[in-house]
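Presented below are the structures under discussion, each in the form of structure tokens.
In what follows, chain A forms one complex with chain B and a second complex with chain C.
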Partner chain A sequence: MSKAVTAALKEKFPDAVQEVYEGVGGDDCAFVKKDAVAEVCRFLKEDPAMAFNMAPYVTAVDYLGQEPRFEVVYNLVSTRLNHRVRLRVKVPESDLEVPTVTHLWRGADWFERYCFDMYGIRFLGHPDMRRLFMYDEFVGHPLRKDYPLKGRQPLTAERNFRDLYRGPGPSGRD
Partner chain B sequence: MAHEGKGTGGLDTTATPGSLGAGQPSHPIGTAPEAAFGEVPEAFSPREMDAPLHAKRMIVNMGPSHPAMHGVTRAVVALEGETIADMKLDIGFLHRGFEKSCENATWTQCFPYTDRLNYISAIMNNTGFALAVEKLCRLDIPDRAKYLRVVGSEIHRICDHLTLVSAMGLELGAMTVFLYGIEARDLLWDRLAELCGARLTSSYCRIGGVSRDAPEGWIEKTTASLDRVNELVGEISGLLTRNRIFLDRTRDTGKVSREDAIDLGFAGPCLRASGEPYDIRKAAPYLVYDRLDFDIPVGEHGDNFDRYLVRMEEIRQSDRILRQCFQQMEPGEIAVKDFHYVLPPKPQVYGTIEGLMAHFKLIMDGIQVPAGEAYSYTEAANGELGFYVVSDGGGRPYKLGLRAPGWPMLAALPYMVKGSLLADLIPTFDSINMIGGEVEQ
Partner chain C sequence: MAETDTLPAIATRREEATGFFQKLVSKGLGWARKNSLYQYPFVTACCGIEYMSLASARYDIARFGAEVPRFSPRQADLLLVVGTINCKQAPILQRIYEQMADPKWVMAYGVCASSGGFYDNYATVQGIDRIIPVDVYVPGCPPRPEQVLDGLMLLQKKIQEQEHKLIDRLPAAELARGR
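For the complex of A and B:
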């Protein structure tokens, strides 16, 4: 991959782009400051030499124990110039709000909702910031590393019925 | 004399018949106070039940158990007459925690989970995941394994497209098409069963190669099956492509312009049907796609009919790819000879201490993938299948992000059907080929 994209990013945003590096397999990657992400994305979309017209994947990672804890990852592609870039945005646990990019790429809509559902990261300016997969009454964000693996969260209260296989017991025991 | 009930259509006899508000329930439907969580809401009053059908907005729930919603998606449709005024999707009924499960399994144990993403084309998911991990391991696999992966992927691409076309025919009333399509698909699934032991959930790939080689005579058998599949595809094409009913239902419905398709994040056949010639097999060739000669079909109008045509042509192109692979394939290794990644052969496990140790470590600890992160993308049947993998250097994925191919297309469904007839929702939903397994993870 060419280094043109990351070089241009570093030159255009010396402060907002903290670090650029070449990832595994030669991918172009850059760390971007949280508040500037919408601005950087606008440049990437609108500059004719960048022309990133699609955001095929936006996701988040929980690096529990590190500071800042969360990270939002934007994978962008230009179908016209056939190049890709990956932006990584660190999000501290104390301030889980990231500017949205849905006004630039409508396709990012459900990805951002997914990040909110699974990690609790809110996207400011998103038109419909609700959970995507889990139901609204669900407590917690399942993909966080400190979310327990075992347990139940039924949508309605479980009836205390006699379990033919395990015998009577308190409901919600596992 | 006030008599309510069926005969009067619930009309309030005290109001002038035909006047505004006559026959209306005391409060508009939908504004009744909502019952608290867990409480049973009050039943409709008889007046509300008997209200005449009026030409204002009506909310219709399609799914999650509607046959045309493929059993998992709930579409809340606001209708004005027969026109869709607004629509919202409610998904998650098939969510089973793919990412969380994978984070708590070894890298190799993730393969069965990836099978169940798009259960019609499992080998493509296996390949996508294997390529992502191999990218992180900086691993290059033997040529024969690459060809076998391509062969499996392309057979599954044909299966996937056949399923879409035949289900689309079925839901638009052409059952014969479905029978032809299923016959063709089963032929190919039988060949896959001979290749990897399973028809649907193949788990064929491994990190560093594939699980087994093609049995003797398999290539000739598959070529013969492909000939029969071609005949059946010709029959399907003859039944649908110039069929008046099919044309009326699919042409100019579910239209997406090229700009919208890109903006909405479309990929795969749906993107190409809108006129954008982007195919990852050509744009960023992986495995052996750069050695193969095939064309990318591109649509013109971006409607349901174009999406159907693009898929029919891709079936033929996959057939071309397969025949070229069979010619180019040479005997050789099917996996790397590195016991850090691939299980040693059984005589070595039982006969040598090194083999036993390698086996034990691989089973108990899993493959030790170097720390780092990578995003790998492949062209699956419905579009870009991406895996964002993060490793902390251990035997389990720290994060395994799945970019499901059908995700943005399903998200765009409300944009696509707004303003069209309710009947157009069915072919549109079919032509984006939403697979619950991958979209809802």
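For the complex of A and C:
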């Protein structure tokens, strides 16, 4: 891919854009500071030379054991100029609040809710910061690496009967 | 032996006679019920594709009298749980089951419904038998239509051997939530 986007980013935000590199497959990637992400995204969307009009995927990663622990990844696409960029934002566990980008791309709404549901990252300014997949009674964030793999939280009382193969009762059966 | 000789004997063994009559009724009702299973397909995942194949012309579940999917649980006899049931859906499934009128039967269609399948994770119910009683389990991911038809025939056999009454009332406690 051309380096035009990342070069322009580096030039416009010398402090906020920390590191620029070419990812696997030639994608343009950049590490962006957490507080500046909304500003950088606004530039990417509104500058006519960038024209990123779509955020097809926003997700998060949990690097347990590293500091800072979390990372939010924004994949942006310009359907007009046919180029992409990937922004990576480091989020420390002590401060899980990231500015929202829903006012720029309406489609980022559910992705941000997903990140909140699965990783517990809060997006400041999001209009409706609720869980996306799990139910409200659910405690914890299941895609965090320290959440137990089989940490099921049933909503209804499970039937208690002897099972020949899986052993007795719901509590001891897993 | 004159015919009158046997009459008092039957009169004194009245219970045996009613028992015989009930068995006859039970057999007839069982035959009728097993051959007119109205299903409620509770389709949540990929097994649904195989269910469509099962219900359409090639495998033709109509041969077993089970061709009518009723999309209201109140009109259905057989609850087909087709696909993965996760913890968020468990109360919905339970409610659907409770809405079905007696007599009712449940088939767990595919390994996800039977045991959770390979979704041994934070979200999936490990077999619908943890929330509702199940009559037949059909393994496979997804099961071939032949397997499901085999399961259906097993269920028909089971229904034929069950006891049916003309007026069947379960005690109220059985119908209450949470069992």
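Methods note: the second predicted complex is superposed on the first by the 154 of 174 C-alpha atoms of A that agree within 3 Å, B and C clash if a C-alpha of one lies under 4 Å from a C-alpha of the other, contacts with A are read in each partner's own complex, and residues count from 1 in each chain.
Keep this in mind: a residue touches a chain if its C-beta (ideal position, glycine included) is under 8 Å from a C-beta of that chain, and two chains touch if they have at least 3 such contacts.
These numbers were taken from a predicted model, which means no experiment stands behind them.
Asker: Considering only touches as defined above, state whether A:86 meets chain B (first), chain C (second), both or neither.
Answerer: The answer is first: A:86 touches chain B but not chain C.
Asker: On the A-aligned overlay, A:142 touches which partner chain: chain B = first, chain C = second, or both, or neither?
Answerer: A:142 contacts both chain B and chain C.
Asker: Going by the contact rule set out at the top, does A:134 touch chain B (first), chain C (second), both, or neither?
Answerer: both
Asker: Which holds for A:25: it touches chain B only (first), chain C only (second), both, or neither?
Answerer: In the superposition, A:25 contacts chain B only.
Asker: Please work out whether A:150 is in contact with chain B alone, chain C alone, both, or neither, and reply first, second, both or neither.
Answerer: In the superposition, A:150 contacts chain C only.
Asker: For A:94, is the partner it touches chain B (first), chain C (second), both, or none of the two (neither)?
Answerer: Once the two structures are laid over each other on A, A:94 reaches no partner at all.
Asker: Where on chain A do the contacts with chain B and the contacts with chain C coincide?
Answerer: Shared contact residues on chain A: 133-135, 142, 149, 156-157.
Asker: Which positions of chain C touch chain A when the two form their complex?
Answerer: 87-88, 90-91, 94, 115, 120-127, 129-133, 178-179
Asker: Give the list of chain A residues in touch with chain C in this complex.
Answerer: So the residues of chain A in touch with chain C come to 133-135, 142, 147-159, 161, 163, 166, 170, 173-174.
Asker: For a test of understanding, state which residues of chain B touch chain A in their complex under the given definition.
Answerer: So the residues of chain B touching chain A come out as 37-38, 91-92, 95, 97, 99-100, 104, 135-136, 138, 262-267, 271, 276, 278, 283-284, 372-377, 384, 386, 388, 390, 398-399, 401, 403, 407-408, 410-412, 415, 440-441.
Asker: What residues on chain A touch chain B, complex-wise?
Answerer: Interface residues on the chain A side: 23-25, 27, 53-57, 59, 61-62, 73, 75, 79, 82, 86, 105-111, 118, 132-135, 137, 142-143, 149, 156-157.
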